[in-house]
Every structure is written in structure tokens, then in C-alpha cells.
């Protein structure tokens, strides 16, 4: 399968204008792609060209510019659907992954859940795959249950199995953890959900950007992800859903675009996917996301994944050189992505991130929107270095050297 | 008040790259700004610079790029709040005006409405200010009532007064109609709502871009508008709300950014405005919208309004030359914006829009997301020409000439 | 429609102004309604099907010159055809509209005049509306046969 | 913290490693908890207020070197001050952090070492956390007086 050519990172770096900048006089080493990715010039140019050449509102315009705008917008959808092997009509644009999950929580959950029903999530979820369910549970009387995480940062499959039962209506699980890097066995989780008649949602925010993801292979009912983490712009996310289920659902947001007819005494809905896209959609953002998908496809997701497996290994090896440093999450690069969280005794993550910034290195410090997981790990916060296709071993070297300096500063 | 210098449209046009293009060999005459506005180069450059210089996720990053990104993002909020005289903490970024209204419908309406309660809207609302209320009404047992429109396209204030009573909980009204151009007396409507203890929401999608709008003067509880119609990018909208009311409301979308703490047994919320901004916000879009506000402020909204009053007059005068053409909406430029809908006997709006496109003129044909109003006007669709600060009398001349050609083509 | 060949424009305008086969049938075998939600064009279509053959076609509705003339042309093109022939012809017209097949004037009749619409993506739906309604009517009729017998 | 003046760094690290006035009071007049939701820094602050004067200040919590050292410095700076003096000093420190006032070493004591934090917008909240907690505690105490008497 992985016959793809390896990435030439030196060439890749040149496609990303921001990577040429310096920070505090040092060349930028960007290791925070799990928070948001940088954008290749092709993505920025596609959006700029859209605005400069043919900006118009989509779908309703007869004139040529509007037709052209609609075509570019819908081509973005086609590209995204193709990337994850999803049907176009099941590929819905939202503003981010968070809205995508809320869409399911509200449009499906608020109308289908009731007292006694259970929603199963995991302890390694991002807040965006916890809070929507808590809000809906509170409104409907349903209950949110948390599947445990093993001490080495994997999903505890036995613990999960024990939670899933006849009361379960939804199992919502992160595909790749943004803190631990863990790759979860989503198809197995989906099977467990299906066996009890529950639906399954995968949060693909950290998987779709970084590895081949196929909606059918995942075998879930819903897949959420976000544009800005996959080389695309802010302001756009994606919900992929099984059309048969989406068809049965009432709409979420109401307004323009999503209607078939509006009368004073009630309204009827547009076809999929537009039924779930109320108001003017993120047009330029869809154009940009389409360009991001094309950029990724130029390498192939197999090659991206192969590179990131190597980056995970390089990061783990490099971090192992720092005395006392503890990595949270799997240590086998085959079982994880290239987002690596760690703790350094005596150095608070915020102090560390600021020290590294002085050396031009951008890493994230904090709870990474995963407070329940922080409690499981028994840390108030972690530091996280996360790589993407534009990072190389040299970046890791700079990181490790800077870590050493920070350590000796605080350890003295 | 209007001591502002008049706009020099020839200069303004040069700020908008797309206006230099041609369509079917003719110079573009863009008269569809009520659907979406074009963008000045300064807006495109601000977004591009954000991505090329300092793109990072906001609020949670310690490193310099993240701090810079956060600053540019929040500066966008400050600019928007300043433009409409709103408190910063009451200025919430959404994905468009539609989401802004849905936010109120769901976060306030779904939790506060019940059987017997009434929501009053008008017959001239955009679908985005109808369907959210219908959806919430259907879930809560509340009822949506439609205030009538007079034959000359104004809000029937007596009819509205007759509808507002002790059962009324919300009055949601468009400030300027996207079809008729009518400027509604929002402060008076807000007073009527307050007298019965109801809240008032104004849809400012067609007013904020085009005239001075002051949140306090409008005297409403909520004001919704959208970035892409005010020279800003797609993918961003704004809800302004009274902080005291927003404070009392539960959140709408759940996820990252909007929390204070997340525990397995429940969560607590962040301060305003972030409590209502779940997930990664439209960062580059806020930067772009901030630049759009600065561009508008460069002229002053008084000057923009003065220009558009003249454009409304020029459009009305020009259209009056076309035999048989019927304008829908007020004919007094002081009482209306520069979006003018009309019908031409024997020429279907779609045919007309396509004919005009052949002459380089972009106008919109259809129901303009206002099907209830189409029924009141007893037309299946209308044609609409809408001007902005970059249009001039010459654009109207081209339109009128093209209308004449279309008319003779279909009339023969 | 501006930009189309002159001769074709004349045929389209003729069908638009003098629509053939409008109204309702006394004894429709099947009737369907379709509309284009984005532009509001509407069609009501009735077929009389006798022994697998479309003996009568009648349409009414409102819309632009393209959707109205197309309905008129469709009614002429399909009348007298067997169900299968009609479905084939609808598919041919659909492919022509999407630029995936060359137009066959012998089969399309006056509808050949709509060939140029393929260049205008937003108008394709207008042209297709009545033809898709015809397909829908035939399939509805068939499924009715099946469930009925 | 990298980028800060060396002398100041030493003072900060000293307060970070050897925090003054930590723990709890036996007879706190008022106690408050505050946290910084975005980075998770937490402080628990207790004051003993006697006749309008902060006779004892004790803090505990967790966080980065800035928030922890700042709490330690705050406890030294405010101990012994009257409520009004303490509120004034908190306001002075806040303005220094926002770059709106020059730091007054006589009043701030070791907290002068945090002056440079004003250059790091994201760390200002860390530095301010304990001082805002002190303000909150004093105001809580006052409103308690009012409601109580």
C-alpha cells in the first residue's frame, strides 16, 4: 500500500510562507500543528483568487460570477468527500469540528435521547466531544459515561465494552488523541456500538489531516474534522454522515440555503447536504480547503502518514535524551500520531513553552482542551510538540537542545 | 451629523480588485451587494498577512506567534464592537448572521419558551429570521406570528402592535429588508416589545454594512449581522447581545474555548463573549472583518449612507424609465436602502438576470430567501439590483440600458 | 436567452409564448409535481399511459423561458412514446444538458434548441425540471403497477 | 523566564522555589479561590483582616513560575497593609502589568521583578492571578461586613 514516495521536507517547507519567519531572532520551528496547521501558498492563493476573480454568493445566482463561485465552492466539497471516501451528499460544511459534533448532538441527540439513555465517550476526548453531549444530556435526561484510558495512554477496550449496553444510544470517540497521540481502533468501537443498536461518531480532527482515513472502513455513522488542522483555513469544518441517517434527521440551524419552501405555517427542507448548511456557507474557506486537500493528495496520505510515523519516532527518541522527561501516551510509533505530550519535572509547561519560544520553538502548554484526561494523567497541564509534513529531524534537534537549556535554567 | 466628505467612487472602485474584471467581454457592473459584497484589497491583504506572518491557534498559546494571532483576532472584535457601539463582551463571533439568530433561538428560546408563548416576526423577514423560530416553536410548543407588510412595502405598525401582547416573548425584526430596502423603525418595535416584557432581536444584515447603526440607539436586546455583506470575508458573522441577558443564558454550542472547567460530572463556562464561541473561532476571518470595519470607518458610515441614499434615488429614477417596470418597496430614498427589487412584465427574473449577465451586469433573481414576502407581493420571484459604496450612476446607466434590451427581446 | 444561437432563441421563445400541451387531462394515469427550490420554478405534469405508451402528456406551472419552453418541447417529444423509449429519451436529454452526449435532433425535436443551455450550469436545472418530472411520473406509475399487482 | 533581566530572573526563581507565606491560616477572615481557565493556574488565598488591616496573608495552589512567584511576592507586599492600601497596591500592580504605570519599587518590593512580564501578554494573567484574588478577598470581606452588619 505504502508505495508512495517519501516526502522531501526541504521542498515542502518552501511551500509554507510562514515557515520562513524568525521568532526572537531565531528561525521558527513550528511544532504546534495539533493546535492548528500552517498553510501552503497554494491554499492562500486559491482563496485570494476566489475573492479577486469571482466572489459572489453561491447557489442562488444566475449570473456567470455566481455560477463560477458555486462551482469552486462545490469543488471544495467534492475534494473533501474524495479524501475520506465519503458520499458528497453526506459531506456537510460546518464552521469547525466543534460545530460538526454539536450538529449531531442537537439535531440527532436533542430529539432522540431521553431519560435513561446513555452516551458513551472516552476519558481522552477533546472538550468538543464532551461538552455537546453534556449539554444535550442535561436537556434530555440522558447520561454521559466515560470509558477509561489505560496507564500507558490507550483506550481501555474492556472498560469500554463494559460501559456499552442496551442503554447506549451513541458512542463518540476520538480517532487520534490530540494529547496522547493514540490511534484508537475505531472500527472495533463502531462494531461494539452497532451490536447494541447505538450510533457511533468518530472525531477525526487529528486523524484526517495526518493519515489515510476512509469513512466506510471506519464504519462509523458520523465523522467530524476541521479545516484549519489540515492545511486549510479557519472558519470551516466538516461533518460526514451516513445519508440514510442524515435524511431521517431534522435540521439543526435554520435559515437560508437549507430550505425547500418556507411558509408562515411551516417549512420544508432542502436535499442533503444543504439541509444542514444554513445561511451563507464558508465559501472562500471551502475553496481553500479544497486546495489543501489537493496539496495533501499531491503527496498521498500514505506518504504523509509514513513521514509522521518517522517524526513520531524521532520525537520520542529525542525526548528520551532529556533527563527526567516523561512522555504521556504510546511509545510505539505504529500506534500513534506525531503529537507528543510530555512533562518535565520542575518545569511548568507554561514556563517551558515560553523558554522554547525564546529559541524560536513553538510548542503548546496547557490542558489541550482535555481536562478530564489531565485528571487521569494526574497533571495540571502538559507540554506538547506536534509535527506535520513540514517538520523534519532538524526541528526535533532544535527542540531537544532548547529543552536542555530550559531544564538547566530551572534545575539550578 | 453628515459632515462627512462625499465618496469618490472612482477611487473606491480601485480598492476592489474584482471590479476590474470583465464578464462576457463587458466590464463587470456588480449590483448584487445585498447577496454578498466585494472585498477591498486591504481586507484580503490583512488575512493573507495573518496566514503568512503569524498564523496560530488563539487564546491558549504561550509563544509569541500565538500571542500575536490572539491580538489580531481580538482586535477584530474590538473594531466590530466599536462600529456598532457595542460592549466587547457582548460581541460574539458566529459563522454568519444565520447562526447568530439560531444562537438566540436555541440558547435562549429552546430553554425559555413553552406552549402558549408567541414569537412575533414580520412578513418581510429573511428565512434566517423565520426558520430558527419555527424550529424552536415546534420543539417548545410556542407559536410564530407574522406581522403584516403594507401594500407599499412598509412594516404595518398597527398590525404589529395588534400582534404584540402578553403572550409575546420575542419580537424579531429585520432592520433593513433585503428585498424591499425598507428601513424599519426598530427602536419603536423594541419599545413595543419591552412594554409587554418581550425581548427584541434586530436582523442588521442589511443595515450594519450600509448606515450608522448604534446598538444602544436601536435599543434592542440582540443584533445579528454578517461579515461577507460588509466588505469582510465569508465564514464570520456577529451576534451582539446585552451582556446581562447573555450572562443569564446557557451556552449554545459546547466545546473548546467556551469552558471554564470540564469534569466528567459536568462543566462550567468561560466569561463573555467566549462562552458563546465554541471551538476554534474564525480567526483569519475576524482579522479580515476588522480590516473591513477600518476600511468603512475611513469614509465614515454617514458618508456611506449618504452615498447609498443617492444610489437608491438614482436606481429608482433609472428604473422608472423602463416601461412597465414595477418597483417593490418604498420610493422615498430617505426611507430605504439601495437594494431595489422589481418586476418586469413578460420577463421572468431568471431570464432577465441571464440577459443582464450577457451585458456584464450582475443582479439577483429569485425569492431572495424571503418566500413569505414573495407570497405577499404575489410574485414567484423578483429581480433585485443592490448598490454599495463602490457603485455609481454609470453602473445604473448600464443596468437601465441592458434592461431595455432584455425587454425588447422578450416583448417582440 | 442572450448568448444562444439566434435560430434556437426563436424556437425557445416560440415554445415559451405558445406552450404546447398545457393544462390538465380528464383521465390522467399519473400526475406529479416538481419544483426547483432554489429558483422557484414549478411544474405539474400529467400522463395518460395506455398499454405502456404515453398517449397524452399535459403540463402546467410557472417559471422562466427555459423551464417553460422545455416543458412544452418535452411534451411534444414524449407523447406517443413507450415508457422505455420515453425514459431513454429523458436520459439522453439529461446527458446532453450535462455535456456528456451530443444532441440527437431526430429524437429531441424542437428540444434540440436547448442544447446551448449546457453552457449555463445554473440554467440546466430549469431545462431538466419537466423531463425529470416525466421520469418521476413514469417510475411512479410503474411502482404503482407493482404494488397494485 | 527567558528574555527577562538576569537579576529579576533570580528573584523570580527564588520566590518560585522558596515560596513565602504558603499554606492555610488557622483563623482566616476570608478565603477565595481563583483560577485561570485557559492555562489552569489555581490559587487559594486566605487573609486575616484585623481592624481593616491585612495582618496575615497565606496562599497555596499550582501554576507556573510567574503565577507562583507572583503569589509569593504579593503575600509579602500586602501583609501589614490596610485594606485601602492593599487595594491601591493591587491596582498599581495591575496598571504596571498592562504597561499603563511605571513600577514603584518602594511599594512593590520584590514584585518589581515581574515588571518585564508586561512584555508577554499571555503571561500577564499569570502574574495578576494572585493579586486579583487578593482584591476579590478584600471586596468579599467588605460585602460580608455589609450584609453581616
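Which chain is which? They are A, B, C and D, in the order written, and residues in each are numbered from 1.
Here, a residue touches a chain if its C-beta (ideal position, glycine included) is under 8 Å from a C-beta of that chain, and two chains touch if they have at least 3 such contacts.
Owing to the predicted nature of the structure, the values given are computational and were not obtained by experimental measurement.
Asks: Tell me which has more C-beta contacts between its two chains, B-D or A-D.
Replies: Most C-beta pairs in contact, of the two: A-D.
Asks: Measuring between mean CA coordinates, which chain is farthest from chain B?
Replies: D
Asks: Just give me the whole-number Å value for how far the CA centre of chain A lies from that of chain C.
Replies: Each chain's C-alpha centroid was found; their separation is 46 Å.
Asks: Would you mind pulling out the distance in Å between where the CA atoms of chain A average out and where those of chain D do?
Replies: Using C-alpha averages as centres, the distance is 38 Å.
Asks: Can you work out the whole-Å distance between the CA centroids of chain A and chain B?
Replies: 31
Asks: Among the residues of chain D, pick out those that touch two or more other chains and give their numbers.
Replies: 38-39, 120, 123
Asks: For chain A, jot down the residues that touch at least 2 other chains.
Replies: Correct list: 24, 60-62, 66, 259, 261, 350, 354, 357, 365-366, 371.
Asks: Applying the document's contact rule, which stretches of chain D touch chain B when the two form their complex?
Replies: Listed in rising order, the residues of chain D that touch chain B are 35, 37-39, 120-123.
Asks: Write out the stretch or stretches of chain A touching chain B in their complex.
Replies: 17-18, 21, 23-24, 28, 32, 35-36, 38-39, 44, 47-48, 51-57, 60-66, 94-99, 101-102, 105-106, 110-111, 123, 126-135, 139, 144, 146, 226, 228, 233-237, 250-251, 253-259, 261-264, 266-267, 278-285, 350, 353-354, 356-357, 361-366, 369, 371-372, 375
Asks: Report the residues of chain D in contact with chain A in the complex, numbered from low to high.
Replies: 1-3, 13, 38-42, 62-66, 120, 123, 126
Asks: Per the contact definition, I'd like the list of chain A residues that touch chain C in the complex.
Replies: Within the complex, chain A contacts chain C at residues 59-62, 66-67, 70-71, 259-261, 270.
Asks: Applying the document's contact rule, which stretches of chain B touch chain C when the two form their complex?
Replies: Against chain C, chain B makes touches at 24, 348-351, 354-355, 357-359, 365-367, 374, 380-381, 406, 409-410.
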